[in-house]
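My structure is below; once you've seen it, I'll send some questions.
Here the chain labels run A, B, C, D, E, F and G in written order, and each chain numbers its own residues starting at 1.
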Amino acid sequence: MENIYLDYATLIAQILLIIGFILVTIRLIIGPTLSDRILCLDMLVSLGIGFIAIFAIRTQQFAYIDVAIALGLIGFLATVAFARYILWQGQNQMQLDEKKPN
Amino acid sequence: MIIELIIAALIVIGAAFSLIGALGVLRFQDVYVRMHAASKAGTLGAGLLLLGVAVASAELGLITRAIAGVLFLILTTPVSAHLLARASVIAGVKTCDETVVNLIDGKYSENGQTLDSEK
Amino acid sequence: MEFYLTILVGLIFAASTYMMQSRSVIRLVLGVALLGNAVNLLIFTVGRVTRDIPPIIPADFHGTLTGIANPLPQALILTAIVIGFALFAFVLVLTYRAYESLGTDNSDEMRIAEPKKTQASKLTY
Amino acid sequence: MKIFTLHIILSLAWAAIAGNFSILNISVGFVFGLLAIWLVREQLGAGVYFRKSRKIISLMFLFIYELVLSTVKVAILVIKPKLDFEPGIIAYPLAVKSDLEITLLANLITLTPGTLSVDVSDDKKTLYVHAIDATDPAGIIADISSGFERKVIEVFE
Amino acid sequence: MNTIILRTIAPALTALMIIFSLFVLLRGHNEPGGGFIGGLIAASAMALYGISSGVQAVRRALYFHPVTMGGFGVLMAACSGIPSYINNVPFLSGIWWKVPLGDGEYFDLSTPMIFDIGVWFVVVGAITAIMLTLEEAD
Amino acid sequence: MLLAVLSGFILALFAPLLKRFLGYRAGWVLALLPASIFVYFLGQYDQVMSQHAIFEYHPWIPSLGLNLTFYLDGISLLFALLISGIGTFIMIYSGGYLKGHVHLGRFFAFMLMFMASMLGVVLSSNLMAIFLFWELTSVTSFLLIGFDHLRQASRRAALQALVVTGLGGLAMLAGFVILGTSVGNFEMADILSFGNVVKDSELYIPILILILLGAFTKSAQFPFHFWLPNAMEAPTPVSAFLHSATMVKAGIYLMMRTYPILGDTIEWSLLLGIFGGFTLLAGTFIAIRQTDLKQMLAYTTMASLGLLTMLLGAGGEGAIEGAVLYLLAHSLFKGGLFMVAGTIYHEAGTLDITKLGGLGRKMPITFFAALIAALSMGGIIPLVGFIAKESMYHALLHGDPLSTILLVVAIIGNAMMFAIGFAVALKPMMGKLGDMPKQAHEGSIMLWLGPLTLGLCGLAAGIGIAYLGHTIVHSAVSAIGNENAETDLHLWGGINAPLILSLLTMAWGGVIFYFYDKVRAFADRVLNWIGWGPDKGFDQFLALLLWVSQRITDTFQTGHLKTYMRNTFILLALVIWVPMIAYDALPDIDLSTLTKPTFYEAGILLIAVLGLYAVLIAKSRLTSIVSLGILGFAVAILFMLFGAPDLSFTQFMVETLTAVILALVMTRLKLDKNDAKYGMEAVVATIVAIAVGSGFAALLLRVMQTELDMSLSDYFTKYSAAIAHGHNIVNVILVDFRALDTLGEISVVMTTGVVILALIRLKPKNHKHASQKSKSKSKLKESAS
Amino acid sequence: MADQNLISEAMRTTPTLLAEWKILTPMLAPLVLAAVSLMLRQKDRWQFHIAVTAALIAMIGSGFLLFDIIIDGPQSLVMSGWLAPFGIAFTADSLSAIFAFVASLVTLLIILYSPADVDKAATKSGYYTLIMMLLVGVNGSFMTGDIFNLYVWFEVMLISSFGLLILGGKKIQLDGAVKYAFLNLLGTTFFLIATGLLYGVTGTLNFADLFAKVAASEATGTLATLSILFLFAFGIKAAAFPMYFWLPAAYHTPRVAVSAIFAGLLTKVGVYALIRIFTIVFPDGNGAAFELFGVIGGLTIIIGGLGVIAQTELRRMLAYLLMSGVGIMMIGISIHTQLSLMATVQYTVHSMLMMTGLYLLSGVIGRMAGSFEIAKIGGIVMQNHFVAIAYFGLALAAMGLPPFSGLWPKYMMLMAAFEQGYYWLIAAILTGSLLTIIGVGRASIQMIWRGGGVNTPDGQYEARGKRLEGKQLRIMMLPISIIFVLTLWLGISPNTLIRQSDLAAYDLLNVEQYIEATFGKGEHIE
């Protein structure tokens, strides 16, 4: 890579994304509800797609882009499945907020 | 050079949106509001970054693939947001204290199987 | 970098070990998943890591490619991941079935296969 | 007819992801598309129309515009030191009827400023929407109905 | 799941995933991908289809029982080693054929490719079987 | 000789068939086999005398040095004749005794197999062959003792015999292995010619002890004697043949056989003298107490075996001569007496000596047979028992302390046996008709032929002792001593010291017989006072063993998965750390040489760690599962960062599908929310986890410090595109270079599909708990999908 | 097309002969037929015949392979035409071929028994497919010359065993399966870890190549640590003390045919792997490892023997009996001489047959008595004396008493131990044998001889349970009788097996032939 703009741009982008990762992870640890955590996982997938894209640009290894596409297409499936779990829990009138004493 | 600048802009803006989305996820008060941040900023951020790849690769196959990736993202993100929001409502995940109106409250049947219309 | 990966591997192993000493079989299953990750990462690290360059030969390339990531451990891990996934699915479903028919996922309450205590059977012939 | 359309789309989609629009590749995509359609043959009764390309493009541009706008709005909210908005779930009376229209509309709403589709009532008359600023539900409803919903109806009419 | 939105969009997504899966399968020899990954994507497609439209729909769609597909995949992979017997080379040795398609174009058919397609079938079949069975378990 | 041994086994296979056609009369036919074997061996006599021994060699398992080498010398010949001779009459007797028994055929088969095995023991020269036949006698004895298997006492006795003789057999095997390996030869005939090699070996003591353990258990020496009286649970022909005349003599045979290589040392004399003497005294003392005829005979058998052992311990030509003579006499009179006891039981329905009486008139032939046997047992001229006694007294009259002690013991023992012998022979026969369950009659010829013949043989042997002394006794004594013995025997040796001692013995025995009831009462009191015997000890030992084994098994096999896992991980930690420290394989960490991670690598590592942390602290399982997603995600990104797109790809897909499956399964579980660990458990788990994690990290680090040979990967890189037509090397490895791995792996995947299908579909019927649940679930599903 | 020079330097250029495919049949035939049977799984009548065919082909194939090995020494085929160590080699020496032959035979016998034990539902759920896959895993493990490939076959075996274990879904099976699954999963994972680390040190996976690379490596301490990790991993598989928990927890829970195939094959593969690894990869065992084998072996024998005594359930008792036998095999590896390895090979073959037979018989006895509790079983000899004879015969074999097959390997082991001066191993073997005699003897007299359950009045016979139908009994007794005859034959005429195990031990201690076969005679080696 010879281009200084790109160098800086990827550097900055990576920094931003890493911070984003960490923020989302913190929310995932905090919760408080399962829905929040699942949302975080979903957000992580989006961030991951971006991270892969930047990585591909930085290394000029565009083969990685397929991974990003796959994530875009299939990554939401985990959210769907977990959402279904929450739905089931709700339909069974179960406590969702784990902070409450059981 | 212009191309490089465009790429740089795309990825920095994309990354910035992603970060903002992440920040929103961390900062916002309840899961529904957080979802706004995740679905919008997340999609746009990742989409812009993929477009960046499309431009950077300058290869037809990669450009079409990157655009397909963006399309996939746009197709799937609202679906998962909808499903998660719906499930959360049915599961009784509380809205935050600032919430001013909740018209869906009480519209679901006891077991969450059916949803009545607002009349 | 290998050093830090090694530390991560150790941490995942530790976490897995901790999880697998639980009573809840579901946690054991999660321990299995962690263990799988630890092993994959261990094999990956053991193959010596190289940054960025995947073991893919460019289309019109001729000659000897250097500086690429070690492909063999990757192939081994791929095999291990798929096997690990299959076994993970099995133990998970097994746990579910055990829960379904034994009514618990607490392994302390799952002990019908073995006698509570060997009956101090009277000496008969 | 509609199946054929989808079929062509799938063939082209193949070519697109394969990055090779040769006749050979499109016909490979045709074969695979056949397979894919065969898989979902039951659900295709719902109907897929993509005839009105002009309206579609118009909708697309609106969408992209709204997406960017919405992201910026969210960004502003995120960055603002104080979280002083008043969210809520409102009920949007649907004018569109078919499942496809409803779906399209709901997804567009999700990706656009301050709104997020939560669920559609069983009688398909109400779309519940979570709004980040729910102080003026009527305004939101009006925006949607004159914006996306109108364009969606145009596309499908 | 009983929502209009998912129900409406899932078939299209499923079809897309299948296409993508085949794409990944066939180019795996030269780029990231191959039978496993392709199979996993196709299995995901089946999962989505199952979640949105129900298990029976998937079963009818596949026509063959997924486990049968798994068996077929293993058979295919194992039998891809058989041509090497005829060629007097060891089991699973790669053999390539150029299949003419007219226009002077050739399709590269090879035993490793057949093998990889076998892998694809196994992964799709087995994982789909697992998910469907779980989905309809009582 | 091979045929002589094998024919028994072969005939055994046909015995049940023969019995089916001929009924109990099959006994006559089957007796032809031992009879012909007897004749055969008698025919070998001249050759044995002239050649010292006859060899016969049949290769069997040459690679183990195990061949069927038969070796017929004086001692083998004596035993072979006894076995086949007495065996003949036992076969006949069995037919009469068990007439009408459903399993008579089986009984014949066992007896024939036993006889064949016993012949094998005494004829084999190869140590392993001896052991083999030895164990076969144990096995057949087990089957015969347990013949009346519906009774617990029989089963217990059979097990006892098996365990005790099994123990001895194993010890003997070890002894043989040590003996054979240390001298480099497994042929007894050869070892015998090695002279003092064994005795001088430093392994002499272990060899001696191990082999004697075999001999003592088989020959019922104290404290291993208890199985023998219990073995009387077997039908009487068994007692007569195995447990008096032949099998128990196998131990004596073994001692006689090994005498030249092991005998005549201080250790030998002490061990045999002490154990033999004690066995003799204990046996007679306990025998006096018994009221059951067979028990009386059993304990006197034990006593006689003690006497024989003691004599072998004393050593020297005289003692051996005494032992050989007593062996011969004992086999004849004890076999006879047992058969008499059996006949009495058969006819009178009881063996209780206090109830029996006056049978002599009813069954005169039996009475006569009993009487001559008792005379021989009492050592009365002119029976062979007398000569045996004279001979042993003569041998023990040396004046050295050990001999003198043994002499006193022998006199006491013989006197007691004199009394008991007559008690057995006279009490049931004389006096008033007792109060017996059955009306007694003289038994059939099958029943009296044996005892009568044996009794008469005892008489004939006594009268013809001079002849025997030059022939069979001579050759036997020579064989034992491994030198040409001088055996000049006479029925009447004039009035000498042994004769006086003999008279003393008889007088003493007479007194005991006179006061028999009082002595019995006294013995009873004493033994009751002791109140414990090895027989009880056996039960206690087994109970203890049962207790111990149950405790040990319960300790390791708790049934708790949690402890199994914990123990496994503790072991794992040891398995990593101990060798690493012991082999000095700890890694050295030089921080200065470490390549630093880039910031984004560090960021991903941090996320991975955060994910782990989230997994661990999660209070609910679902939170753990979602947190697991972060870790999987981070690992996938790491794969990508280090040039593994395929891995990254697969990891992402697998993570997604894992989530799908987990969510599917979790939907079906209703779990308590909080299942976190608490207290000590968490502490232990943490310590173990740290030990394992750090162990693997250290080991990995150490491995990383070696240079990796990349030749495999270089090869793949070089030929992947060029030959295998694939540019993605990882994929080419999977489908070509190492396609077999993949084939195995898809087999796993396919099988998993089958297994999970079966796991969920296949359920036992009428499963209440599940069916109730399924009802509520199916309702749910209707609306959910 | 790639140029010819390149091909000749990377690949095998001599034509592959039909004969060389023999090495594949024990693994490939069951694999292909398992796939076919899966596709035809609704045709439940065909399943049995497919499985019989598979086991038969595997058996015949390994039999012919054994002939080849006897004549020409170890055989090898490198898959995909590459050269060893780059491609995966199947390399079979006498040990592999003998074990594969016996394993196929045992599987065949169990398949023959199965119609009496396996209902239609289980057949349709893939019982026969799983049996075949188990054989695939077992034979693949025996044949492979590559350590990672060995891991793969282990997993094939493992997942098939999981399936067989839970087939039926009874509570007790699920409970047993949970323990079995987690502990065995750990075992194979440790194996994988050790394999990965071994690759990290040596850079290779092929056994023959490992032999040279390990010998040349300077990282002796690291390799020694790894060797112990391998010992641990395979120790779990082999159910050696103290890694055996899973075995008594699970082996008594599935249907009898499954218990039998587990007992016959699974732990043996662990033993096989130990033998293989500790003769070719770590041929000198780093001193301590062989000592450790001895300690583990001795304790396994004794703890197993005590377990035999303690158990009140027939099949659990057999599980401990099986474990006790593993101790002897371990001791053989520990002593590590021609004689001791010979004894191990022979004992393993004996144990495969004997344990299978006993488990199959436990099925017959359990049916006859209506229970597996020893206290409730009785009167077997009164019901059917062929069953009683078969049981006593196999019990004698288990106790190591003549005239059955258990005696010879034990005797050889004693000799080997004495030759090397391991007196305490002699003591351990003898103590274990005594404990076995007590435990098995006591159980036998109760089940076979006692008139009925433990409360049956002394001296009486109470008929219990169901009388077995003639046809069913014949199906069940056929394989048992074959095993009985084989055990007896191996007891009376062990020469054939001794010759084979002698050869196997020779091959193990002289790996040059194995290595030569792997790398190919006259082929180019890089």
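Following the convention adopted for this analysis, a residue touches a chain if its C-beta (ideal position, glycine included) is under 8 Å from a C-beta of that chain, and two chains touch if they have at least 3 such contacts.
A quick note: this is a predicted structure, and the numbers were derived from the prediction, not measured.
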Task: Touching both chain F and chain G: give me those chains, sorted by label.
output: C, E
Distance-to-centre winner among chains (Cα means, whole assembly as reference): G
Query: Of all the other chains, whose mean CA position lies farthest from chain A?
result: F
Message: Which chain has its C-alpha centroid farthest away from the centroid of chain E?
response: F
Query: More C-beta contacts across B-D or across C-F?
result: C-F
- prompt: Centre to centre, by mean C-alpha position, how many angstrom separate chain A and chain G?
  reply: 48
- line: Chain-centre distance (mean CA atoms) for chain C and chain G, in whole Å, is 25
Field: Centre-of-Cα separation between chain E and chain A, whole angstrom
entry: 27
- prompt: Where does chain D touch two or more other chains at once, residue-wise?
  reply: 13, 17-18, 106-107, 117, 119-120
Per-residue overlap in chain E, given as positions that touch at least 2 other chains: 1-3, 5-6, 9, 12-13, 16, 20, 30-33, 36-37, 41, 44, 47, 53, 67, 70-71, 74, 78, 91-92, 94, 123, 126-127, 130, 134, 137
Query: Which chain B residues touch at least two other chains?
result: 21, 23, 35, 43, 59, 62, 65, 68, 72, 75-79, 81-83, 86, 111, 113
Field: Residues of chain F that touch chain E when the two form their complex
entry: 645-646, 649-650, 653-654, 656-657, 660-661, 664-665, 668, 724-728, 731-732, 734-736, 739-740, 742-743, 746-747, 749-750, 752-754, 756-757, 760-761, 770, 773-774, 777-778, 781, 783-785
- line: In their shared complex, chain E is touched by residues of chain C numbered 54, 56, 59, 78, 82, 86, 89, 93, 96
- request: Using the touch rule from the top, collect the residues of chain A that touch chain B in their complex.
  value: 3, 5-6, 8-10, 12-14, 16-17, 19-21, 23-24, 26-27, 33, 35-36, 38-40, 42-43, 46-47, 49-50, 53-54, 56-57, 62, 65-66, 68-69, 72-73, 75-76, 79-80, 82-84, 86-87, 89-91, 93, 96-97
- prompt: Which of the residues in chain E come into contact with chain F in the complex?
  reply: 1-2, 28-37, 40-41, 43-44, 47, 53-55, 66-67, 70-71, 73-74, 77-78, 81, 91-92, 94, 96, 108, 110, 112-113, 115-116, 118-119, 122-123, 125-127, 129-131, 133-138
Task: Over in the complex, which chain D residues touch chain B? Could you list them?
output: 13, 15-20, 67-68, 70-71, 74-75, 77-79, 83, 85-91, 93, 106-112, 114, 116-123, 125-126, 128, 130, 132, 134-135, 137
